[in-house]
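Across the two complexes that follow, chain A remains constant while its partner is chain B and subsequently chain C.
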Partner chain A sequence: MPVKVFMEALSPTMEEGRVVKWHRHAGDSVRAGETLAEIETDKAIMELVARADGVLTNVSAAEGTTVPVGREIAAIAVPGEEPGSPSSPPPSPPAPSLPVDRAAAPSEAVRSPAPAPERSPQPLSTEAPPGARARVRASPLARRIAQEAGVDLKVVSGSGPGGRVVRRDLDKAREAPLSPPPPSRPVTLGAGALPATPAPLAPEGGYEDVPLTQMRKVIVQRLAASLGPIPHFFLTVEVDMERAMEARAALNARRTPEDRVSVNDIVLKATAAALTRHRACNAWFVGDHIRYWRDVHLGMAVAVEDGLITPVIRHADRKSLAEIGNEAKALAERARARRLQPAEYTGATFSVSNLGMFDIDQFGAVINPPEAGILAVGSVLAKPAVVDGQVVPRQRLRTTLSCDHRVIDGASGAAFLKTLKEMLENPLAML
Partner chain B sequence: MANSFDVIVVGGGPAGYVAAIRAAQLGLATAVVERDKLGGVCVNIGCIPTKALLASASLVMAVRDAAEFGVTAEGVKTDYRVAMTRSRRVSEQNSKGVEFLMKKNKITVVKGTGVLLPGRRVQVGSDIYEARRGVVLATGSRVKGLPQAGLALNGTTVLSSDEALFLDHAPPSLAIIGAGAVGMEFADIFNAFGTRVTIIEALPRVLPLEDAESSEALTRSYRKRKIEIVTGATVSRTVVETASVTLDVTPTGGTPRTVEAAAVLVATGRAPNSDGLPEAGVELTDRGFVKVNQYLETTAPGVYAIGDVAGPPMLAHKGSREGINAVERIAGLEPHPIRYDNVPNVTYCSPEVASIGLTEAQAKERGLAYSVGRFPFSANGRARTSGETEGFVKVIRDTKYGEIVGAHIVGSRASELIHELVVARENEYTVEEVELAIHAHPTLSEAVAEAALDSLGRVIHL
Partner chain C sequence: MATLTYRDALNQALREEMQRDASVFVLGEEVGVYQGAYKVSRGLLEEFGPMRVLDTPIAELGFAGVGVGAAMAGLRPVVEFMTWNFALLALDQIVNSAAKIFYMSGGQIPVPIVFRGPNGAALQLAAQHSQAWDAWLAHIPGLKVVSPATPADAKGLLKSAIRDNNPVIVLEGEMLYNTKGEVPEGEHLVPIGSADVKRPGTDVTLVCHSKTVAPALKAAELLAGELGVSAEVVDLRSLRPLDDATIIASVSKTNRCVVVEEGWPHAGIGAQVVDIIQREAFDSLDAPVLRVTQADVPMPYNKHLERAAKPSPEKILAATRRVLYLD
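Moving on to the complex of A and B:
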């Protein structure tokens, strides 16, 4: 029997994937672990790797086509077999070698009626802080490898003492598919099941139809899920950045151009520090409960071609200004190159969006659920301000906190902003 | 039936007797067949008596350096016979200890040479014993000479470790062929008792399986003690006489020379005790070890092999672990697979050499991205208090994941210190976890933490 090649779930929220490019073509011999194709998921371009040695056959998804997760897109004929023989018997569900956690997932979903739980960003289990529901037993080395490879440890079954996930298990997980395609999927999501919408009448004139990219679809989904059901309210404060800008200039005078501290780095650092004192803002709304996080994992909205993504600076509260700056820069670069791993853009506890570089004075950002707040940062501008009874020009910054009122009340949001303002106005207090 | 057991273990060494105890713990009726003393080579003519002699050697050296510590010992004399007698007593006690453990666990000890018969049966003398669940071969290994080089063991001038352990005096001079653990330990012992020692090794350095830095440190230390070391050497001619041996030795690229000694100790490795096994359906490898799969099963159904006879590394602790695993499998459990890449190596000479995992050369060969952390005992407070400043801790850290790829320790307590890193590796702790653990001050163990820190570029006391 040839080994089937399925469209795999390459990100936690992926439901379908677009074949960007086949690296191997029908008739090529492939080895397990080799990249077969690049797949555009809702978040990034990921590699689909071969799960067996053999000859690639039956390539049924052309480059550019979008295929639901679980659909067979090719096969690998094991040497000695007739290549090209259609692996036709309808895909009987492969014997589930599912780890127990996975099997238990549905019942858990029943117990906690969280809205669309599979769409909430799941924090990487390796980072699960104390109190998180599912603690995964894994060796420190396995955690590091999983984080690097973007593997969710919850779906890996452990063979170490007491079911601990060890390096060996991750090596194995990369050889074999993590999860067999759910049998029901092709039926509900197959192309044939898509409703045939009549094409709307087009008005005269030039236009261009641009199909939604995977990322745009997720943005649509998530933003509608946000402003609709989430009771937003907004709090704006103006911060005097005179001293922060002085401190930044002094710091940068001693740094190479690559290591320069940006205003955004300073805001991120101050936000992380302020969040540790205002847990109401460092929280998730999760259906029937509010989850207050002990650690600060700071999301940072990054504009990329055709969309945006929010990579996460983990444990931002424990990092120095320089560490945050370097990490922010690296994450932004990887985001623009669309090379972020799922672990790098899920699990934020609070987010910051900065449009200062576009000369936006002030704006309100849309909350990224289940997070309860997001900080919108405008540009630093010289403005007249009253200091000691005199009107003088000062560097000023306007920033707006969007709050989910189910979690953050007016006073608690204001208290957070007050701390943030104090920190930015007294930058030494942050260090 | 009196001659029927669940498990029959052939060989009562550290692999076999541990297997038997584990079998008994699991409620299996167990017998051990042993032709000599319980405890095997390890207890009787290996690990244990050599460590007793090394303790004497280390005391000799400590007394010689005692004046510096404010202790004057005048007229110090050494008597190898007394040291040897003490080592025998220690072995005797340990063997008795194993006998006690057999009784305590209600294990039947059958005295005699076991012969494996087809169908999970073992013949001892004229009796035939039957194993209902499994036979475990733990027959061990034996010394071998170098007959191909004209050095067949003769018990007087051409010795193996077996005879060297029973000498009643330290010979005036000794040539040792083979600079592995056995050769290096005997060099240490006899040097301390006044023997002029020459070590001859075919490979380019002593302890060739250890990290090159460990070999180098040990070479320096031995040369300081006037132990002669000839590496990369081939023995081209041997003349064995009744009271002396003459060897023509050619080091690679060097000038040929003649080594004369009162005796030569052949320490070039051991041969597995696997005679007669193929007749019972147990296949051997081309090097004469029993062929086993990952579950330690041989090609004969229901027959397992553990310890030296099952292949290298020929180490007591590796054999013991195999004994536990084989028996648990026989009992229907699913033991953890043995991580053969995590078996510590220790040479108990002075300074001791211990290691786990890959050497730096192996890490390089595998194309790993790594960083090396080092910490010398000369910078460790505790080592200075006891004057044990020789050696170092070296940690090789994979730069991608922080994995402890390998660790190498040379120093007076290396054999004990290495286990922190063995535990770390077994549990897949990274270098960062080792460093995070607080190490008591002042201890030699601090050097381990410092080496870990050094591999991260954050060493404190250097």
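Moving on to the complex of A and C:
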């Protein structure tokens, strides 16, 4: 029997994928683990890999075609078999689709045989079996560890045969952030700090779960009832950026154009530093409890061609301004090229959205759950301001914190903004 | 504690049990005057006389039947087969009589008999005389099967076998008879159905028994030296009943396992061990369990081919690397 090649769920939320490019063609020999094709998911362009050794046959999805997850798009004839022979009809639905998800699927999608319209360039959302998911290959032990640690195996890349996730993959993923730095550790500009190793997984003990108090439960109930699933409120502050802009100009005078520090980098750095002092804003709302994170993983909204995505700067609180700047630039480029891996855009503890480059003076951003807060950053503009009793032109920045009221109260959000403002107005405070 | 050879440890067990219980007697080819083809019964004829140490004709089915009858009549015979390869002729008495009488008599007639002798390959004895019957014998309900790897276990298990009220198969090894080890004096009993951790470890479990314990220990040593891998060596000692708990505890700790045995792969002892592991330790497994067995062929006579067909420390090492994802 040839091994079937399915459209796999290459991102946690993917329901269909577009075949961007076949790296192997019918008749080519392939080896397990080799890239067969590039698939564009809802988030990025991912690689679909061979799950067996053999000869690629029955390629039924042309480049440019969008195919629902779970549909067979080719086959791999194992050595000794007639490569061209069509695979016999399956006695049951394709293995990768989990029956558990099917319950949630509209009944039409399940009943209709949905012949693959290979040449249609249109997304086939109505015909996609919405519940279909590619099976994650993992050892039973890895599954147990992941379940106990609350880790999504889909974001862990497996090093075993055929991409199997084994224990060492989970160990490796958890190694880096195991020991959080002491709170007094100074973070220096430009040098020092930890290397920027991505830590795709939540470190064990990297957060503290605090059960909801009775009062908090009532607040949750009342606020959720009044303002949609996430009860937002907004706090705006105007920051004097005069000194920050001077510091930036001084820094950039010694840098090449590629290495220049942007206003956004400074805001990210200040936000990360301020969050370490305001744990209440560095938190997730998780159903029956609030998760206060000890580390700061900063999401950074990046506009892409037809939407936006929020890549994550891990351990932003431990990184220097230069490291944050370089990482932000690299992530943004990868985001625009749609090359981000799932581990690079999940797990933020707080996000920053900046529309300053569009001359937006001020706006309110929508919270990205389960995060409890997002900072909306406007343009730095020269405005009249009163300094020492005199009206003078100053560089000013308006920024708005959107708060999930189930987690952040007005005073705690305001306290965070006050620290942020102080840091931006006196960049030495970040040190 | 005295250092004894495996053969002398068996001899000590026989002597002590014959001294302790007058109903214990031995029979088989050359066990008396010649003192045993492998000298396991040395000195017994002299000490206990011809009524309790019986030389038999070359007729395995016949003397096995004599043994079963004696056991049914209340004695405790120890039947020696010159090798288990010859015991094939006696399988009807072992399987259809010894293993069944207690059951078919509704529990009225126990058969407290021991069948013992060397099992498996030695060196260049060719296909018909180099066979490991572990899986065949362990397959039969009504039999107990033990396979000691060390002199101490040989003594302790043979003594337990003689005292057991069921037929017990003792699988020894021609290549083991000369191996030496410390053996507790006097009342040393190893309970049937208990495995032994011969070397504790944390990274991978090597399940083995009888002649494969030594290569497994050697492989564990190589693993520790070359790769810094800590292997736990579990000696099954009893093949029926199997000590499930020790296997499960070890694999639950190490998450990886290689099962080594002297027999052929198909429906072997290792297959049974793998069944236990996949059922009882599924969520602890980080890799499929691999097996190292004799090659699935009649044992070659040619020295090099024979070596290539047998389990070896190198083969165990290679399988271990795979379950550790080191290749």
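Throughout what follows, the second predicted complex is superposed on the first by the 292 of 431 C-alpha atoms of A that agree within 3 Å, B and C clash if a C-alpha of one lies under 4 Å from a C-alpha of the other, contacts with A are read in each partner's own complex, and residues count from 1 in each chain.
As a convention for this text, a contact is a pair of C-beta atoms (placed from the backbone, for glycine too) under 8 Å apart; a residue touches a chain by one contact, two chains touch by 3 or more.
Since this is a predicted model, take the numbers as computed values, not measurements.
Of the two partner chains placed around the shared chain by superposition, neither chain B nor chain C is touched by A:S320.
When the shared chain is aligned, chain B and chain C each come close enough to touch A:V166. Within the superposed three-chain model, A:E148 lies in touch with chain B and out of touch with chain C [touch as defined at top]. In the superposed model, A:N426 makes contact with neither chain B nor chain C. Look at A:P140: by the touch rule set out above, it reaches both chain B and chain C. Counting contacts as defined above, chain A residues 139-142, 144, 160, 166-167 meet chain B in one complex and chain C in the other. Those residues of chain A that touch chain B in the complex are listed here as 139-142, 144-145, 148, 160-161, 166-167. Considering their complex, residues 336, 400-403, 427-430, 432-433 of chain B touch chain A. Looking at the complex, you find that chain A touches chain C at residues 139-144, 159-160, 166-168.
Interface of chain C with chain A (complex): residues 255, 282-287, 325.
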